[in-house]
Amino acid sequence: MTDETDPDRRVADLGFARVDLDRAARTGDPEVVYAAGKTPEQVVAILARLHAQHPERAVLATRLTPEAEALVAAELPGVTVHAEARAVTLGPLPAPRGRVAVVAAGTSDGAVAAEAALSVRVHGAAVDRITDVGVAGVHRLLAVRDRLTDADCVVVVAGMEGALPSVVGGLVGVPLIAVPTSVGYGASFGGLAALLGMLNSCAPGVTVVNIDNGYGAGVAAARIARRARPRDDA
Amino acid sequence: MTDETDPDRRVADLGFARVDLDRAARTGDPEVVYAAGKTPEQVVAILARLHAQHPERAVLATRLTPEAEALVAAELPGVTVHAEARAVTLGPLPAPRGRVAVVAAGTSDGAVAAEAALSVRVHGAAVDRITDVGVAGVHRLLAVRDRLTDADCVVVVAGMEGALPSVVGGLVGVPLIAVPTSVGYGASFGGLAALLGMLNSCAPGVTVVNIDNGYGAGVAAARIARRARPRDDA
Amino acid sequence: MTDETDPDRRVADLGFARVDLDRAARTGDPEVVYAAGKTPEQVVAILARLHAQHPERAVLATRLTPEAEALVAAELPGVTVHAEARAVTLGPLPAPRGRVAVVAAGTSDGAVAAEAALSVRVHGAAVDRITDVGVAGVHRLLAVRDRLTDADCVVVVAGMEGALPSVVGGLVGVPLIAVPTSVGYGASFGGLAALLGMLNSCAPGVTVVNIDNGYGAGVAAARIARRARPRDDA
Amino acid sequence: MTDETDPDRRVADLGFARVDLDRAARTGDPEVVYAAGKTPEQVVAILARLHAQHPERAVLATRLTPEAEALVAAELPGVTVHAEARAVTLGPLPAPRGRVAVVAAGTSDGAVAAEAALSVRVHGAAVDRITDVGVAGVHRLLAVRDRLTDADCVVVVAGMEGALPSVVGGLVGVPLIAVPTSVGYGASFGGLAALLGMLNSCAPGVTVVNIDNGYGAGVAAARIARRARPRDDA
Amino acid sequence: MTDETDPDRRVADLGFARVDLDRAARTGDPEVVYAAGKTPEQVVAILARLHAQHPERAVLATRLTPEAEALVAAELPGVTVHAEARAVTLGPLPAPRGRVAVVAAGTSDGAVAAEAALSVRVHGAAVDRITDVGVAGVHRLLAVRDRLTDADCVVVVAGMEGALPSVVGGLVGVPLIAVPTSVGYGASFGGLAALLGMLNSCAPGVTVVNIDNGYGAGVAAARIARRARPRDDA
Amino acid sequence: MTDETDPDRRVADLGFARVDLDRAARTGDPEVVYAAGKTPEQVVAILARLHAQHPERAVLATRLTPEAEALVAAELPGVTVHAEARAVTLGPLPAPRGRVAVVAAGTSDGAVAAEAALSVRVHGAAVDRITDVGVAGVHRLLAVRDRLTDADCVVVVAGMEGALPSVVGGLVGVPLIAVPTSVGYGASFGGLAALLGMLNSCAPGVTVVNIDNGYGAGVAAARIARRARPRDDA
Amino acid sequence: MTDETDPDRRVADLGFARVDLDRAARTGDPEVVYAAGKTPEQVVAILARLHAQHPERAVLATRLTPEAEALVAAELPGVTVHAEARAVTLGPLPAPRGRVAVVAAGTSDGAVAAEAALSVRVHGAAVDRITDVGVAGVHRLLAVRDRLTDADCVVVVAGMEGALPSVVGGLVGVPLIAVPTSVGYGASFGGLAALLGMLNSCAPGVTVVNIDNGYGAGVAAARIARRARPRDDA
Amino acid sequence: MTDETDPDRRVADLGFARVDLDRAARTGDPEVVYAAGKTPEQVVAILARLHAQHPERAVLATRLTPEAEALVAAELPGVTVHAEARAVTLGPLPAPRGRVAVVAAGTSDGAVAAEAALSVRVHGAAVDRITDVGVAGVHRLLAVRDRLTDADCVVVVAGMEGALPSVVGGLVGVPLIAVPTSVGYGASFGGLAALLGMLNSCAPGVTVVNIDNGYGAGVAAARIARRARPRDDA
C-alpha cells in the first residue's frame, strides 16, 4: 500500500491515516505517533506498520490513554511501556550522544518531565533527570548546579508561576528549553500563568514550548545535544 | 462648607470632590490624594484643604503629572517633592514604628518601588530599600537575606515574569506583599504575566496587589509593620 | 533516607517526592502537604513521614479528595479530619498568638473560608469566623464591625463580584487579605471577576491571593497576627 | 433630499450619512448624534439638519471633541454646551416625567455620570445627581438612601472594582442600571474589571451597559422613569 | 432561632445559612433561593423555613439539580415544579401588575427564557412569552412587533452572536433587558460572544445581565413593569 | 535585478523587499502593496517597479499614511487616489465580471467598506455599495433586499456588535463575507466583539475576515463574483 | 399545525420548535437540523416533519449524539447515517453542480472535514476530499496542487496552529474557506490559536468560519461552487 | 565602587544600576544593556563602564531610542551603530564559531530579525540572513532549503499568523527557534496570534521566545551553534 510514485517521500496509507515512512531520512528523527484522539486500535496499527518498516530503530507513541496502553501491551510483543510518561516505545533505542538535563520543579510535573526525558532518549541523547527543585527552595537548585552546567542542553519543567527557568537561566549558560505545565489552579488558567512567566523570563536565552509539551522540548533538546561537541572539545 | 451633621464623618465639599477629613480617626492612616485624572489645580486645592485641617500630620499625593508636580511645588510652600516616586508630601512624617524591606528586581521597577517605600514611610513605618536583585542573579539575593529576615514585612516589586516573590518567599517567613509592574513587552501584556506569576507563587503566604500599585502595597505593609512586636519580643 | 550532607536543609526522599524536614526552622511555619494531584497512598506516606520527624507539632494536608480523606482517616490514628475545609491535621496545634477574623460573603464560599481558618489556626493564630455577610446586605456587615476592628488581620472570602473586601476595607484599618472564590457562573469566568474586583479595590491596603487559595491567605494572615502586638499595647 | 418613498421612515441623505428623521415617532426618543469618529463639520451639518426638521424638540450630540464642541458653539446659535458631559443640545428639552437618581462612585467618574444625567434629561425624565459615594465609605451611601428609594430608576456609575451597584442594589428595590467606567489602571484592563464585577453582582436585578456608556444608561433609565406611576400611586 | 436583636432585619440562622426574612419589606421582592451549590436537603430546609415565615406569599428556588427537584417535590407538599425553568415555587403567586414580553431567539435558549419568565411572574408582573424568533429570520420578529410594543418591558434571550436585542431595540422604545446565553460552541466561548454583542448593541437603551442569568433579568423586568403606568395612561 | 533563475517565479529584489512579479499568473489577481509599516519612499519605489513590469494592468496600494499618499501623488503621474479607502491605484482597472454588493452598517465603517469595494473592483468584479443600513433599523435593510439578492457575493461591514451579517444572511442565500470593524469602544475591545459575533452568526454560510480587513474581503468576493455564472444562467 | 397566515413564510409549530418550511424557497438551501442540545426524540420529530413536507429533497441533521443517531436510524426508514460526520440525511441528495475540494491537515480533523464535505454535497455541489496534508510536510501539499487549482472552492480544515490555509492560499487563487478545529492542547485554547492564525493569514482572500464549524464552511462553499461557471467557460 | 567582597561576582554600583561585571565568566556570554526605559545618559554610562572593564570584548546595547542612539554615537568613540536592529556594539566582536540562519517572513519583520542576527554575532556565532520568504510563497522557501539544512541552528522570525516555523520545521531537523513579531493588526492582538501559532506548531522541536524578542532568540541560537560539532564531524 506504499505510494512509491513519490520519489522523495514514501507514505503508507492506512485508510484513517497516511503514515510518513521516511521522516528519519529528512530530519534524523525517529517516527512518532501522537496517540491523543486516536482509538487504541489505530495506535496499534500505526505502531505496527512503522515498526515493520524500520525494525532496526525505535518508534515512539505518546499521550496514550490507559486503554491504548493496555491494548498496545497486549498486541505488540517487545513494546516497552513507560508508565510515568504515558508513552510506549517499540524497537531498539539509538546510542546516546550528548546529554540533556531534565529538571522538574515539583512532584506534579513528573509526567511531563518523564515525557520530555523519554523523548530526549528516543531522539538520540542521554538524560540526567533532576526532580523536585522548586524555586521556593533555591538551595536544592544550587546543590545540582554542576549537573546543569555539564549538560549540553537543559529542559526545565514547571507549573504554577513557572519561575524555575529564570533562576536556572541565571546560573548557567547552557541552551535552556522551558516547559510550562498545567499544574496549578485558579489564576494559573490551565498553565497560562507559567507559559507567560517563561516567555517573559529575565534570564537571556530561555526558549519555550507549549503547555505540557514534554515531547516537543525533548525533540528540540536532543537535536541540540546530539550535535554538541564533547565538553573537553570546547 | 463642612458637613457637620454627620457625627461620625466630617466631609469638606470642594465642589469637584467631597474630601474625607476623618479618615485617620477610623483607620489610623493619613489622608492621601490620588492625583491621576485630576487637574493640577484640583490637586493643589485638595492638598491645601487637607493640610489646613490637620497641619500636624502628613498628607500624601501620588501619581502626579510633571505639571501637577510643578504647580504643587510653586503653590504650596513646605511641600516635599519625591521625584522618583512621582509623589509629594505636605506636613511632618510620623515617627516610624517597625521596618519594611522594599525589594526591587530591576532598575525599571524603581518608580513603583519608590512609591511603595514612600507610602510605607508616610503610613508610619521605617523603610529598608534593596534594589536590583533580580531572580536571574540569585547570589545578589542571598547576600541580602539577613535584611529580609529582620524586616517586619517585605514588599517585593518585579515586572516581566514576576518570579522574585517566589524566591524571596522561599527564603524567609516574613509577611510578603508582591507588586507586579508593567515593565516588559510583548507577552507581558502590560504586567499581566507578572501578576499571574505572583498569584500562582509556589511560596506560601505571598499576597499580591494591582499592577504598579506601589501605594497599596505600602499601605498594607506599614499597617503590618507598625503593629508588629519588636524582633527581640518574639 | 535523610540526606544529611546538606548542613542547612534536611530532606527525606520518598522516591516520588523529596520532603523538606526543616521548613519550620527557616520560616516558623509547619509542614504542609498539598494533596491535589497526589494519590491517597502518597498523601498518607508523606503525612506519616513528616509526623514521625516532628511528632510534637502539627502537619497539615489540604485539598484532599474524599478517597484520600478516607484513607488518611483509616491509616493514620490520631488524625483530625476537617471536613468543610477538605483538610486533615496530625499532631498538636500550636498555642494561638494573635487573632484573625475570617469573613465569608456567602454560604458557597464556606469551603474556602474553612481552609483559610484552619490554615490560620495551624500556623499559630486564633480565628474568629464570620459567615454570610454579603455586600448586598450591608447591615449584616456593620453589625460585626467591632469584631473586625479588634482583629490583628482580616481575611475576606468572596466570589461573584468580589466586592466585600472594598466595603470591609473602608470600615477598618486592619491588614486585610482578600480571597476570590470560583463561586459564580457565566461572566465570573471561574473566579476571574472576583479576582479583578479585589485587585482593583478602591479601599487602600487590600492584598489578594489566588482564586480559592484559602490556604495561602491563612498562612499570610497567621504570620501577621502572631507577630502583632497585643491590642492594649498599641 | 428626503426619501419620501418609504411610508414608514423618512430619511435625509447628507452624502456621508443617512439621517433618520422619524425616530421619535417609533420610539418616543429624541434624535441623537454620536459624534465620535465624525469631523466637526459633519457634526454641525447633522445637528442642523435634525434641528431644522423638528425645531420643537431637543437634539443631543455626545462624545464631542473639543474641536467639534467649539465649531458647534460657533456655528449653531442657541446650542447649549454641557462641558462635563462633553455633549451639546439644540432645541427645548422635554417636560420631565419621573425621576432618575444618577450616582457616581468617584470624582473621576464625573464625565460618564454627566453624560448619563444629560441623556436622562433629554429623553424626558428629571435627574437627581449624587456624587462621590464610593463603596469604601459606606456611610456616605447610607446618608442618601432616601433619595435612592424615592427615584423611579437608579443609574450607578463606578470604575475600578465596580462594587457600588451591589451595595446600592442591596439597599433599594428600584430598577438599577450599572455603568462601568474605564477609571483605573493595571488589572482594571480599561474597565473590564468593573464590567465583570457589575455583571456578577450578588444584588438581584442589576442590569449593565457598556463601559463608559453613560448615554445608553440614560436612555434606558429615562424610558423606565417616564412611564412609571407616581410614587403615591403605588 | 430568629435574631430579634436587629430591629431592622430579622434573620433565621439555619447553621449552614443565615436566611433573610424581611427582604420583601425592604425591596418589595419575594424570597429567593439560589440552589446551585447547595445540597437537596439544604434547599428543602431553606424553602420550608421561608415558607413558614410568610405562607401568604411565594418563595422561589432556581437552578435546582434533578436531585434537588425530586427531593423538594417529595418533601414539600404544595410546591409547584417548573421543569423547563429548573425551578420551584411554594406559596401563592402575587397578582400580576404590568406585562413583560420574554423573547427567545432559539429552542436552546428555552431554559433561560423560562427562568426569566417565571422570575417575572413571581416578582409580580404578567408574562408574554415569544419563542424562536431568531435574527436570521427577521419576518418572524416583525410579525410579533405589536406584542413587543405593548409590553411594559421586554426581555430578550439569545445565545451565539446575541444579535436579537439590537434588532428588537431598533423596533421598539420599550425598556429592554438582554440576556446572553451560553448556547453556542467554539468562539462563543461559553456565552462571551453573545455578552459582548449585547453590550455593544447599536440600539440605544439596551441593558444586559450575566450569561444565562434569566433570574436577574426577570427581577429587573418585573420591577419596571409593575410600576409602569397603564398603557392608556401614557 | 530580476532573478531569472527561478523558472516558475520571477522576483525583483529592491534591497528592502523582494517583489513578486508573477502573482497574476498564479492566482489571476493583481499586484498589491500593503503600505502599512513602509516608508513613503518604499511605497513609491515598489509601485513604480510593479507598474513598469505590467503597465497594462492595475497595481493597488492600501493602508497609505497621508504622507505616503502625498508622495505617491507627487511622484507617480497617472496614479488615482482613493481617499476614503486610504488607497491608490496605478494602471487601468480590469473589465468587471460579476457584481459584489458591499454593505456597511454605519457611517464610521466607511473607510473599511471603501477599501473592500476598491479591492473588489481592482480584482475584477463590479461593485454595488449600500451604506448606513444598520441592524437597529431593519426597514432600511429590507428596502435594499433585491440588490442583495441579485449580487454574486455580498460583503457586509459592521462594527460594534457586528449583527448585520446575521440579518442579511437570513434574507439571502448569496455567498456572504463579513468584515468586523474596530468601530466601537469599551467592551468592543478593538473589534473583538464584532468579530466574535460574526463568527457565531446563526445565519448559515457566513464567512469572516480579520478586523478592518476590507482588502481581504474584497479579494475573496471578487474571486467568487468573477467566476459566477450570469444570473439568467442559474 | 402550519401557520398559513404568513403569506411569505410557512412555519410548522412542533411545540418545542417552530420549523421553517420554506427556507429553500428563500435561499436555495435544504432544511438543516442542528441536533446539539436537542433530545433524540426532538431530532426525530423535526426530521420527520421536514421530510414529510418536502420528500423530494434532502434534509440534513448535524452534531448528533450517538443516542440521537441510534434513535434516528431506528425510527426513520430510509435515513442515511454519515458516521464520521456525526450526521444523517433523509431524502435524495441534489444533483451536484460545481466541485469543492475539502482539505484536512491531520487525522484528528477528520470529523470536521467530513461534516464540511457532507454539507457541501447536501447543499448541491460535488466534493473532492484530500486528507492528511499538513503544513509540516509541504511536499504532500504540492502533490495535490492540481486538484486544488481545479476546484471551484477550497475548504481547508486544520487545528493546532492553523497554518495550512496560508500555504494553500499562496498556491492557488480559488475562493478559500478556512475552518479552525479544536484539535490541540495547552495554548491552543480550544481552537483559538488556529482561529487567530487563519484570521491573520498572510495569503489574501482567506475567509474563516467558527471553530469546528464544518457545516458553515460547507454551506458557504456549496453556494460558491454551484453558481460557478464551468472551468472551460472561464 | 566595585564590591570586591563577593568572590564569585563583581558588581559595579552606578547609583541607578548595579552592573554585573562577570557575567561572561559564568555563562560565556557578553555584557548586554537593555536600553528600553533607560535615559540616553544612563545608556552611555553603563556602556562606558562595561567597556572599560573588558575592553577586549564586545558590549551590546539593544532597544535604543533614536535619542539614545545619537548620544551614544556622539559620546562613545569606536561604537558601531546597527540602525536596522536599533542597537549598538562597543569593542571587538568574537571570532564566530558555528552558523545560525536567521529567516524573516516579511519586510516588516526586519528590525526583529536584525536584532536576532546581531545578537547571534555578538554572542559568538556566524549569521546567514534570509529575508522575505513568507509561507504564502512556499517556492521561495524551498529555494533556500540547503542554507537552512546546513545551519547549526535556525531562527525564524514572523508576524501575522506566524506559520513560517511550521513549514521550515517540516523541511529540516536543525534546532529551530521561532520569534513571533507584533507585525499585524486587528485579531493579531499585538503578536498574540503569531505567538500562539508558533507554540502550537505541528512541526516537532520548535521552541519559541517572547513577541519581538530577537535578542533572546539570538542568544539561545548562538549558544547552540557555537557548541555544535562541525558538519563534517556528524
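Which chain is which? They are A, B, C, D, E, F, G and H, in the order written, and residues in each are numbered from 1.
The definition used in the following text is that a contact is a pair of C-beta atoms (placed from the backbone, for glycine too) under 8 Å apart; a residue touches a chain by one contact, two chains touch by 3 or more.
Chain by chain, the UniProt names read as follows: A, B, C, D, E, F, G, H = Nickel pincer cofactor biosynthesis protein LarB.
The structure displayed is predicted, hence computed values, not measured ones.
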Inset, instruction - Determine how many degrees of rotation, between 0 and 180 and to the nearest 5, align the Cα atoms of chain B with the equivalent atoms in chain F. - result: 180
Legend entry - Computed distance of Cα centres, chain F from chain A, in Å: 45
Inset, instruction - Starting from the mean Cα coordinates of chain E and chain G, work out the distance between those two points in Å. - result: 37
Legend entry - Between chain F and chain C, distance of the C-alpha-averaged centres to the nearest whole Å: 58
Legend entry - Whole-Å gap separating chain F and chain G, where each centre is the average of the chain's CA atoms: 26
Legend entry - chain F residues counted as touching two or more neighbouring chains: 137, 171, 186-188, 192, 195, 199-200, 210
Legend entry - Pairs of chains, among all present, that meet the touch criterion: A-B, A-C, A-G, A-H, B-C, B-D, B-H, C-D, C-E, D-E, D-F, E-F, E-G, F-G, F-H, G-H
Legend entry - For the chain A and chain H complex, residues of the former touching the latter: 26-29, 32, 152, 171-177, 195, 199-200, 204-210, 215-217, 219-220, 223-224, 227-229, 234
Legend entry - chain F-touching residues of chain D, taken from the complex the two chains share: 6, 8-9, 11, 16-18, 20, 36-38, 180, 182, 190-192, 195, 210-213
Legend entry - Contact set on chain E toward chain F in their complex: 105-106, 134-138, 142, 160-163, 166-167, 169-171, 184, 186-189, 192-194, 196-203
Legend entry - Residue numbers on chain A that touch chain C, as the complex places them: 107-108, 110, 131-132, 137, 139-140, 143, 183, 185-188
